[in-house]
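In the two complexes below, chain A is the common chain; its partner is chain B in one and chain C in the other.
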Partner chain A sequence: MSRLGVFDVSVRYGKVPALTDVTLHIGEGERIFISGPNGAGKSSLLKAISGAVPTAHGRIELDGDLLTGRPPEAVARLGLSMVPEGREIFGRLTVEENLRVGTGIRRDADAVEGDIAEIYRAFPILAERRHASAGALSGGQQQMLAIGRALMTNPKLMMVDEPSLGLAPKIVDQVYDTLVALQEERGLTLLIVEQSSVRAGRVGGRMILLRGGQVVGEGDAAAFADKDALTEAYFGKTGKEAAE
Partner chain B sequence: MPGKHMQNRLLAHSTPLILALILLAFVAGVALTGDRALARMAAETLVRVTLVVGLWIFVGNSGVISFGHAGYMAIGAYCSAWLTLKPQAKALFLPDLPVWLANAEWHVFPAAIASGFLAAFVALISGAAILRLSGIAASIATFAFLAIVYTVYSNWEGVTGATSSVVGLTRYVGPWVALAWAVAAIVAANLYANSASGLALRATREDEVAARASGIDQYRHRLLSLVISGFFTGVAGALFGHSLGVLNPDSFYLGITFIALAMLVVGGIGSLSGAVTGVLVLSLLIEALVRLEQGITIGEAALALPSGAQEILIGIVMILVLILRPAGLTGGAEFRLRARTPRLSFDQEQTTTN
Partner chain C sequence: MNTAAQLFFDAASLGGIYAMAALGIALIFGVMNLVNFAHGQYIAFCVFALIVPSTDAVAVMFLGRAPAFLLIPLLLAVGAAAAVASEYAVFRHLRKATPVAMMISSFALGFVIQNALLATYGGRPKAISLWPELNTPVTVMGASVPLLQLIVILATLTVVAGLALLLKKTRIGLEMRAAAENFTMARLLGVRANVVITGAFALSGALAAAVALIMATQTGVADVRMGGQIMLVAFIATVIGGLGSLPGAVAAGFLIGAVSVLLQAYLPLDARPFRDAFLYTLVIVSLLVRPQGLFVPSSAKPRV
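Right after this comes the complex of A and B.
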């Protein structure tokens, strides 16, 4: 059984279709990149999985639990955790409070202190600034905090929305190094939205390409980094043929 | 590390201690003067501390402005009157009370507790209806709630005395009684804000979407905080009645709503210290201006402000504070003891504005 199953999911905003019959499966411990041009439906897919937007059609399951139709807080309780786009940390709470926020839903309260210590070990800068307000951190530090916060819920699946957005390339490298290291250590299952397929290819994993709300390609991320399929995803078949 | 961590958590609880000591110093200072007018002013100020701290438990943590708290205050105030007034007085002024209530002759302390519980219960019912709405819509709905309470209490002749005042309440609330309740409210508010529910609610205040994605049920935590908030607001209402001795529905309408919110905003809505600071600063300012309106003599010159100057000057002070310190006098920080340098300082942890 796959960890996450998305079956024939469609999402509409009013009459405008954002996703049409998207089906995908993610196995335990896998790393999946969702890529595609602007308006391809990447964010809509994440929102549909996390319960932030309703699905018009289809079904989403996490470890066999039905997510469709549940509000975001219930989806989070079933083991899905999200690092939202733009690093939406809780600015006026302290770093440590940010980490503790998500732990209210855990049944193993005893393990929380140990996990916080582990996050601090992975991100020493957060330990240093544990009592500072999160809004005072730099962009890269806020991204680390958002990842740390998502980890604190002990998720079955962690989704990261555009981790490179608005960060310097060097910081983006650090963020990905951290994600990969965390995944290897903890056997995390990761779903990452990444607009740059070059970046995704370098990090490695399976890639799913979206365009116009549909899955148009799937395969090894490294292979996608410089392939015709990518051009096709961005510009469409007709565009490519016209160019020839 | 764990030792230091523990120490930090203990220091987080130094806030209520510092606030209690400030209020104690205020009451003790007033008691030393032996001035009866000052003592009354101190009692009224501390009743307002209970009210504004009660209001803060909901507003400060949820970020939802409530215009409805004067309603919970009215409910508490009248409840205590029903329970403590002499049966003869009730037969005369409030003839429609049910028999068991008409014959009740409770001690003032359990009556204050009961007033808090009734207000908390009404908060639970009204909150269940209101708090599913988003921020501004919820605020408007709290205002509608206030209007409902006001209309009921100003017209329910045989139970509330309607617009004619209820008189004869035992005036047992002096500075020391009011101080005890104010400190109780501060301790409860601090406990709630640092609890798991308080933390979850503050997260929804910062970012509702991210909070829900972290598994937080915003509605549940808002409702819990409103119930606790309603309790202390109801108690504040009871104390208010027993400090003046007279109840009138008009005391629990727009005037008190405005002044309580003004105190919260001037002090700093983001922190408990802000709530207490706002009450002290505005109460002292109002007292000073009232005295100036009555006129003072310096040497041969008599100086008096024109009447009405007080309201205008308070309004100007509020505007100035909002312009110069939009996050309030405390800027949303708590008074707290520091780990390395054990002295009173503004804690800069929470001062960053987004």
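Right after this comes the complex of A and C.
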């Protein structure tokens, strides 16, 4: 059984279709990139999985638990965690409070302190600024915090939406190094939205290509990144620019 | 007699009442962008919960007969229950409605409560006697002040400190602050929308009950219209304080209390009947100068 199963899912905003009959599966411990041009439905897919937008059709399961029709807080309880686009950290809360918001759903309350210490080990800068308000952090630090905050719910599947958005390339490297390291340590299952196929190829994993709300390609991320012609075909010129 | 001390106690006790009422409004606005205009009627409801339901001119104490140590928690619970019930009956069905639709519904709810009180208790104001001994003056720092004023100041400080502790130190407090900042994100982290909103309404209703206890003791009257005036001032305080900002609501409540006491004391005699006109002119000026609120950093993004 796959960890995440998305079966024939459609999402519509009013009459405008954002996703049409999307089916995909993610195995336990796998790393999946969702890629595609603007408006391809990447964010809609994440929102549908997390319960933030309703599905018009289809079914989503996490470890066999039905996610469709549940509100986001119930989906989170079933083991799904999200690092949203734009990070969405709580700027008026302290760094440590941000980390604690998502721990309310955990049944292993004893393990929370240890996990916070672990996050601080992974991101020493967060430990240094633990009592500072999170709004004062730099973009890269906020991305680290958003990842740490998502990990603190102890998720089965973590979804990361456009982690490279608005960050310097060097910081993006750091973010991906961290994600990969965390995944290896914890056996985490990762679903990452990444517009740059080159970046996805460098990090490695399986890639699913969306376009116009449909799955139009699937395969090894590195292979996708190599196939310039294919990239061109799917992304057009703007996509290629974004990829560089 | 010490005029400065007298003015200070007047301002602090009036401001304390405003601050508590403003907090009740700001709490709910913070988590669900609702300006709950029924808050004034929660206050009236709590005052009437003190007496036996009847349209007789003479009020017979009901909850009001309980000793203070019972009455206070009991009435706070009544206020909390009334607010939570109204959320359950009305606002829960409007979660996805626009802020304007929710606000208008809160007006409607206010009228429903007011008319229910009117039908149950009659329209005439009733004399009630709650803790009359608290109105005896005591001398503090050369000023002669009713004991109640001191209690109000103390109660406000206790409420503000208690609320700050609750928000800072408890799980529900953390969730409420997170939800107030970004509700969707909080839910994505497993924060239950219903728990947070119910919590905000319960706290808001308990604050309304605290204001009701003070008003009932101070005025010695139960009147179905009694929440309206304070609701208006409290709403203004939340706007001046920066909608949704709890420290802002408290600060603005105290500020409005202080300004109205000072105007009352120092306006020329002929102008004193128009004190509120001067007060609201100052409100307009403050909103023109700082539309985002006095106590919000100017860099903060507008919340409405």
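Just so it is clear, the second predicted complex is superposed on the first by the 228 of 244 C-alpha atoms of A that agree within 3 Å, B and C clash if a C-alpha of one lies under 4 Å from a C-alpha of the other, contacts with A are read in each partner's own complex, and residues count from 1 in each chain.
What we mean here is this: a contact is a pair of C-beta atoms (placed from the backbone, for glycine too) under 8 Å apart; a residue touches a chain by one contact, two chains touch by 3 or more.
No experiment lies behind these values; they were computed from the predicted model shown.
Participant: Give one word, clash or fit, describing how chain B and chain C relate on chain A after superposing.
Facilitator: clash
Participant: Just checking: does A:77 make contact with chain B only, chain C only, both, or neither of them? Give me first, second, both or neither.
Facilitator: In the superposition, A:77 touches chain B and chain C alike.
Participant: Once chain A of both complexes is superposed, is A:133 in touch with chain B (first), chain C (second), both, or neither?
Facilitator: Touch status of A:133: first partner only.
Participant: Chain B or chain C: which reaches more residues on chain A?
Facilitator: For chain A, the partner with the higher number of touched residues is B.
Participant: Mind working out whether A:149 is in touch with chain B, chain C, both or neither, as first, second, both or neither?
Facilitator: both
Participant: Check the residue A:178 against both partner chains and state whether it touches chain B (first), chain C (second), both, or neither.
Facilitator: Touch status of A:178: no partner.
Participant: Please work out whether A:105 is in contact with chain B alone, chain C alone, both, or neither, and reply first, second, both or neither.
Facilitator: So A:105 meets both chain B and chain C here.
Participant: Once the complexes are superposed, what residues of chain A are shared between the chain B interface and the chain C interface?
Facilitator: Looking at chain A, the two contact sets intersect at 50, 52, 71-73, 76-77, 81-82, 84, 88, 90-93, 97, 100-102, 104-105, 149, 153.
Participant: For chain A, which residues count as touching chain C in their complex?
Facilitator: Answer in residue numbers: 50, 52, 71-73, 76-77, 81-82, 84, 88, 90-93, 97, 100-102, 104-105, 149-150, 153.
Participant: Which bits of chain B are touching chain A when the two form their complex?
Facilitator: Residues in contact with chain A: 1, 8, 196-197, 199-200, 202-203, 205-207, 209-218, 270, 332, 349-354.
Participant: Mind pulling up the chain C residues that touch chain A in the complex?
Facilitator: Its residues touching chain A are 171, 174-175, 177-178, 181-182, 184-193.
Participant: Chain B touches which residues of chain A in the complex?
Facilitator: 50, 52, 71-73, 76-77, 81-82, 84, 88-94, 97-98, 100-102, 104-105, 117, 131-133, 135-136, 149, 153
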